[in-house]
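Per-chain residue numbering starts at 1, and chain names A, B, C and D are given in the order in which the chains are listed.
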Amino acid sequence: MTQTVTSPRPPRPGAAAAPGTAGPAASDLGRLLASCVDRPGIVSAITAFLHDRGANITQYDQETTDPVGGRFFQRLVFHLPGLRERLPQLEREFGETVAPRFGMTWRMRDVDALPRVALFVSRYDHCLLDLLWRWRRGEFPIDIVQVVSNHPDLAEAVAGFGVPYAHIPVTRATKPEAEQAQLDLLRDRVDLVVLARYMQILSGDLLDRIGVPVINIHHSFLPAFAGASPYDRARERGVKLIGATAHYATEDLDEGPIIEQDVIRVSHRHNAADLVRLGADIERTVLARAVRWHCEDRVMVNGRTTIVF
Amino acid sequence: MTQTVTSPRPPRPGAAAAPGTAGPAASDLGRLLASCVDRPGIVSAITAFLHDRGANITQYDQETTDPVGGRFFQRLVFHLPGLRERLPQLEREFGETVAPRFGMTWRMRDVDALPRVALFVSRYDHCLLDLLWRWRRGEFPIDIVQVVSNHPDLAEAVAGFGVPYAHIPVTRATKPEAEQAQLDLLRDRVDLVVLARYMQILSGDLLDRIGVPVINIHHSFLPAFAGASPYDRARERGVKLIGATAHYATEDLDEGPIIEQDVIRVSHRHNAADLVRLGADIERTVLARAVRWHCEDRVMVNGRTTIVF
Amino acid sequence: MTQTVTSPRPPRPGAAAAPGTAGPAASDLGRLLASCVDRPGIVSAITAFLHDRGANITQYDQETTDPVGGRFFQRLVFHLPGLRERLPQLEREFGETVAPRFGMTWRMRDVDALPRVALFVSRYDHCLLDLLWRWRRGEFPIDIVQVVSNHPDLAEAVAGFGVPYAHIPVTRATKPEAEQAQLDLLRDRVDLVVLARYMQILSGDLLDRIGVPVINIHHSFLPAFAGASPYDRARERGVKLIGATAHYATEDLDEGPIIEQDVIRVSHRHNAADLVRLGADIERTVLARAVRWHCEDRVMVNGRTTIVF
Amino acid sequence: MTQTVTSPRPPRPGAAAAPGTAGPAASDLGRLLASCVDRPGIVSAITAFLHDRGANITQYDQETTDPVGGRFFQRLVFHLPGLRERLPQLEREFGETVAPRFGMTWRMRDVDALPRVALFVSRYDHCLLDLLWRWRRGEFPIDIVQVVSNHPDLAEAVAGFGVPYAHIPVTRATKPEAEQAQLDLLRDRVDLVVLARYMQILSGDLLDRIGVPVINIHHSFLPAFAGASPYDRARERGVKLIGATAHYATEDLDEGPIIEQDVIRVSHRHNAADLVRLGADIERTVLARAVRWHCEDRVMVNGRTTIVF
């Protein structure tokens, strides 16, 4: 493994400073995500809990999959002065009172604490560069801390963004060692992995051990053209729209919960290279939306599907 | 005025029966819409109020226009056994406790009580027939009780749907009497008026006196091509997309709060007749969405704009 | 088989009269479609042929699948005074001179001679009514001469359009006889069959013997969710867009050349009934486009795919 | 004026070499654009001319604005071995025979001779970087020879692409000198100027003297919100879609012929910054399409409108 950092990391415009440093003023905004089997009183219990502690709810989204016996999903944003200091206690109290009462799966987060993200890439640069560029201009509430690639090709392009680039080659024979190197590099350092056209399949073992969500971009409108060479197959089948799908990676290839999809119109005038070119635009757009929504805590997994608030 | 009813009104598939009749089982679902100046405790107060009376909140949408000093908008759906009978008391109690505490504008509604709608039309049938057809197949939670037209042309087409058709001619000279006839016909009989390509301008006086919201469809992507002949002007200007806009009618023509808009791609290949044809599809689609959303209590007016939950 | 014609056929607005009757003035517009293996001189030969006979080319579209060794496809519209009378001789001459020189597949048509169309339907009315309504308002350059259904349900709705409605029930046991009745009814009477949500599979034998193109609408974005219950499967898979596909019917179900596709965005908020409702709008829109384009001679089949000029 | 070239110009992947150098094999493809008042025989004359000289027509698009008395527009691509050497004679012969016979406006071009393009920019980088990135990966058949800016901010970002960056400050007082400096820099060096969010208005005098087309991107769906601050005004008016428009710059600001437009859906959830962010994606997409189409000779101006083949 070769790790290259060619320049000191520049401050990202609009980024919040790390805790303890003299950075931008805290926004005092928190997010609470919760899900459980639906029954009366959940909303009231949550909102009373926050109100009693002086928090003002500024956004609230709720979905109940079925009015009777369905599952309850909720995302809310609240404003609480001094949130950064008060968050540990708030979490403890919520975990001891409201959450157990309803058997909730939940998490609470300080909006100013940016998720740390690693990007995996092979040789196609369009998704990677688009994510890096959006991040640099302040579009994403994240911190990109590492690029990992099985090829050295994009090291120079990434260097300009001040992000470390780890070249970890992967062959059939070295895959276990390579995945171990990836784990050693990332463990406890990232909150999300994004496969930005990374052309290697992650093993189920890696997905288990990495312990954070992994978002992948597939260059077709799944479930159409799952597997390899979707553009060639789209052209052979004569479809009139091509697309891209961002989904959470699971051990079942191309079967994970879909976060976002979009399409673009094509015609007989477009050859195979045109489809790749047009598809690249859809891929980078769809992946950017999925990453953004995930990092804004808008995406909740519900079995094989997602709820995107 | 000539009013024609050519056939007894057929029962609408899927429609709830009127209160007091032996109809479909009550869904026991209610909706509460509320808005006020934002401050802490609103959500908690509303949800506690409902919880204390045994209601379960099944959908909840909230928007606060600004975290500090902004305006709070909220739509929620709740399930409460026996709602039909309990609604009057629920309204009274909410109006005496929660609403005044926050200075709320609000309304509560039994989802089974269908809004009564009048459709205004002139000679173009596409918006009118599309609304009637969607209503007959059960797409809209409404009751279409009257069609009003300044022309007799569409009487026969409407007859097949079992809706009364009132022909009220309008000339420059007779406009005041015509509007009075419209008011006499509709007063206290409708909850919504939809202008489905009605080619007369309603006076500010009528809009005031009719006392219910009026939705209009404009055949352009407002504010582009406000006023007359938008398709001709779109073609002269060489735009690459044409559109339609559904908005609440106000005295300022084409200036009311926009509910929904959509567009379709056009090219040099399309002549003026093609734009009219393609536009008709967008008009009926956009108007149908706006009517549906309004009648599902999804649209809240915020000054010159709308919030669509 | 029961055939019902409840009212005399009303004249269609904008329709050209039949040859020999005192109808609208002839437009003198013709269309020529041609395809062959590409080689130099085709365009020049065709255009010289038309020019020498006094025709002016007003539209011209061409596609060559590959500059070297590809296939040439061409659609052109020409204006020739007295076309109706001159067409037979024009066809004969083209068939004796230009066509054999290049081994062309071709056809020439008087634009005023409307294609005769039969619509097949089962119980869902949305595609059928939309086609009939568009036809009545003059959107389609076609003549709808027959509706065929395996159910009686839509007879009354069709009657209002003045089109004969043949009820031909189909069971597993009677399918051969039913298909024979369909053939007897339609042979030499139609130029196109449209399956407007007809829920029976046409046998390969029928497709062979009917001798005209058959267009089908499938309620998914093929090849995703080919087969039955696409909306249910779309919801289970959690896709973010649903769609519809119009294609030429072939013996391989859901595998025929695609003419047109479109999609609409859906979310976790939409239940199964919502997908059906939203899908119905896409289905009727996509089918209407495909029928229109086919009848304007814009669609040419190229193996498993189509070229749509 | 400060001109910075920080690195030697890297070869662009996929770019054709300059004439006279040992570069990629010539494609032998040429394009002919022509327009004139329509009358019989134009197509035949053009195709015979090319056929007689051994050219094979591989693409052909034609538009006649009106079958009677309209204007004829045509774009064709032809294959002719040895085109590079034969082009001057071909142009001379066409200009002496076919063109004058029909009073044509026309131009012929070797597809391998890339148009030279200058990009103007101020401080927003999204359109500029997207064009440069697409160009570097071979998406555009152009040669970007110069970036011009009234600010120094983007010099470093441009340097990575190996394109010279000229910083020419503009104030109200120095505008004439600044425009003269721009003219001196670009005259006879470029075939197209692209205003990639250049926030200065070019004078009519500059537009006249520069002698090549100028493409601008406007950040609204023209003619809606022409002028300044379109996103703020879109939000105030509560539109449900925002868009961008690429058009040829003319002395009448925001009134030039539109090449391409597109829109994206927005809602009450989006604040002013969100509109800017979402709009940036539409702006760069629309501008990239317009530049591509222009440089593929697909765009022909017809009065205030364009034909895009």
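Here, a residue touches a chain if its C-beta (ideal position, glycine included) is under 8 Å from a C-beta of that chain, and two chains touch if they have at least 3 such contacts.
Chain by chain, the UniProt names read as follows: A, B, C, D = Formyltetrahydrofolate deformylase.
Source: prediction; values computed, not measured.
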| item | value |
| --- | --- |
| Co-neighbours of chain D and chain A - touch as defined | B, C |
| Same or different residue numbers at the chain A/chain B copy interface, by half rule | same |
| Relative to chain B, chain with the most remote C-alpha centre | D |
| B-C or B-D - the one linked by more C-beta pairs in contact | B-D |
| Whole-Å gap between the CA centroids of chain A and chain B | 38 |
| Intercentroid distance (Cα basis), chain D paired with chain B, Å | 45 |
| Whole-Å gap separating chain B and chain C, where each centre is the average of the chain's CA atoms | 37 |
| Shared-contact residues (touching 2 or more other chains) in chain D | 63 |
| Chain A-touching residues of chain C, taken from the complex the two chains share | 63, 65, 221-225, 235-241, 243, 257-258, 260-263, 267-269, 302, 304-308 |
| For the chain C and chain B complex, residues of the former touching the latter | 125-126, 129, 133, 137, 139, 160, 277, 281, 285 |
| In the complex with chain B, residue positions of chain A that touch it | 29, 38-41, 43-44, 47-48, 50-51, 54-64, 67, 79 |
